[in-house]
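What follows is a set of structures for review.
Next come two complexes built around subunit A: one with subunit B, the other with subunit C.
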Partner chain A sequence: MQVADTVHLPRGKAFVNPDVDLFLQLADDELMLGWRNSEWTGIAPFLEEDVAFSSIAQTEIGHARAWYELAAEELGTDADALAFDREPDEYRCSPFVELRLVPDWARTIARHWLYETADAIRIADLKASDDPSVAGLAEKIDREETYHRMHADMWAERLRDEPRFLAAVDDLWPYSLGMLRDSQREQLCERVGRDPVDAIERGEHTEDLRPLWEDMTMVRRSVPGATW
Partner chain B sequence: MVTAERIWEALAEIPDPELPAVSLVDLGVVREVEVERDRVRVSFTPTFLGCPAVEVMRTLMADRIRALGAQPEVEISPEGWSSDLITEDGRRKLRESGFAPPTGAAPATLVQIQTAVHRCPYCGSEDTRLENLFGPTPCRSIRYCNACRQPFEQFKTL
Partner chain C sequence: MIYEIFRQEREGQPFQHGGSLEAPSLAFAGAYAREFYGRRDESFALWIVPREAVEEIREPYVADVFDRDYRRVDGYSLKVKLKEARERAGTA
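Presenting the complex of A and B:
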């Protein structure tokens, strides 16, 4: 691995280039969610879910890498530098993906289902992009995400009368709306069968981000500038 | 001077790092080979974007090309992989080593997977059931054969 120059981004606000900002939002969302999903590795309520959440984590992080590569081309850096060398408040992820939900299975499934439902809306728009590299990547990601959606929908169906799951969906609903652009939110309301509420928007971070960032970047920070 | 045919043959001898029973060419991972004097450009696409074997594949192919006396340029293709790219040979080798090759059209719902015919690679029975959509690598699911009571790995259709 080669070390690229660190790129510093504007803190807590959108990056000047709207494309780069979008790529970073997508990449940061997938990276953080991938990390959160991987926290179930070894401790999921049963073995099948251990495998499922680990595999989903791996593909989400793979998608993050692909979006980071698009941003890195514009910024003259590389995917690793964007993923690991920024300060916590330079990330553009939604607060939704930062929340540490382990060991609450009901909340985890509620987030999984809301995230995948919202993500499908976002990916459909990206597939229609004028930029062929964006549309092509979205197409590729969408095919992989189909399996995440099947898994999430199966769980939502199984838990649809479970009060703890329904309470978790209520609680996380404003967060999931905040993942999307204004113009995409009505579709989410329809798919989830809920009324719009004030969204918890991208921009501010939750308290859960810092400890995640510390874990995630620990090895990389331990030897700055190393070639791994 | 090395020819494109010679490069394809050489790449067809490189086992997939995670599924050594099949080669990178069998899996449909190698998309294009271009030879220009002593420079060989190979474009390839991992099965899933999150595939951890990407760098290993790249190094294996570059080493192989260098061993033939050419200068390798191995890059990732902008085109996505699809399980349709697995060759007939690849499908046979997968079955022989206990992996069910991808079957049917890419599913959009779980019901489509549950109603499609999936054959056990060991006994050939169609009486199999989905155990887990996810498996040891992103490209595989786990199924169980009710006839010979054997779990097996099913390649996802993508």
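Presenting the complex of A and C:
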């Protein structure tokens, strides 16, 4: 694979190696969600939650790095270039993770819970991969995700009779379905106890992505090519 | 609600106070305690104790009025007594 400074990934274009597409979907989801969750740092409802939620945000970004590294090996680039040097349209994340939900804690917890529940299904499949580097990484990631799920389930349990939380889950449900492959969606319906609906699919981006991208890449773009 | 968190660094060691945290329930306290004291493998086990379950004694009964420091749990120093005894015996 040729080494390039910037790897451009036109939307919808398939790679020779379909795994690269998958790695980027996973990495982009985790990066954007990590970013969105990190927007609560310093303003979460109480201090303990601020620390815990920020930590979860940070581990999601760590998982993004690990998936980017697998993609970068195939593409002859590095994780930073994949994370920060693409145009917004080139990201493969699901619209679900792009939504800016600050300062709505009910919606934030609804997304957190739906995302972690869906992510568990995805990770279980990845752990069964024939590729040992994929299965091994999924195994490692799952150890941290266990904490994320515990945290998310605990909040969902606490808010399960709260109308604002239930309305938020209703609202975000089609987005969360769109995060998964078709074959994984039935499991999500079972775990969340909801009927399938038309999913908001990966491939299109929301209006929230560009401002997020501008913030996220601001420093990197300020000195192109710098080594940090 | 405030919870006091005790941590055991290695199996078999005594639990030591790690700190306190505020949480709406025991489940939340457990999750936060894991995050603050557990996830980097720094603890073998944790105790999560509601602060109200802790009976605090502010002015412990003090009865150290006679010279009975041999009864102290941390032992006592022989050095001074030995020196005095040697002087009395003329062997100092």
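Simple rule for what comes next: the second predicted complex is superposed on the first by the 219 of 228 C-alpha atoms of A that agree within 3 Å, B and C clash if a C-alpha of one lies under 4 Å from a C-alpha of the other, contacts with A are read in each partner's own complex, and residues count from 1 in each chain.
Going forward, a contact is a pair of C-beta atoms (placed from the backbone, for glycine too) under 8 Å apart; a residue touches a chain by one contact, two chains touch by 3 or more.
Bear in mind that the values here come from a model prediction, so they are computed numbers and not experimental data.
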Side-by-side fit of subunit B and subunit C on subunit A, or clash: clash
Contacts of A:139 with subunit B and subunit C, given as first, second, both or neither: first
Per-residue contact with subunit A, leading partner among subunit C and subunit B: B
Contacts of A:46 with subunit B and subunit C, given as first, second, both or neither: second
Subunit B versus subunit C as contact partner of A:103, first or second or both or neither: neither
Partner chain(s) touched by A:55 [first = subunit B, second = subunit C, both, neither]: both
Touching partner for A:154 - first (subunit B), second (subunit C), both, neither: both
Which of subunit B and subunit C A:196 touches, first, second, both or neither: neither
Superposition clash, subunit C against subunit B - the stretch among 39-47, 57-65 or 75-83 that is involved: 39-47
Shared subunit A surface residues [contacts with subunit B and with subunit C]: 48, 51-52, 55, 147, 150-151, 154
Subunit A contact footprint on subunit C (complex, rising order): 21-25, 27-28, 31-32, 34-36, 39
Residues of subunit A defined as touching subunit C within the complex: 46-49, 51-52, 55, 147, 150-151, 154, 157-158
Subunit B contact footprint on subunit A (complex, rising order): 48, 51-52, 54-56, 58-63, 65-66, 133, 136, 139-141, 143-144, 146-147, 150-151, 153-154
Sites on subunit B touched by subunit A in the complex: 48-52, 78-80, 82, 106-110, 113, 131-138, 142, 156, 158
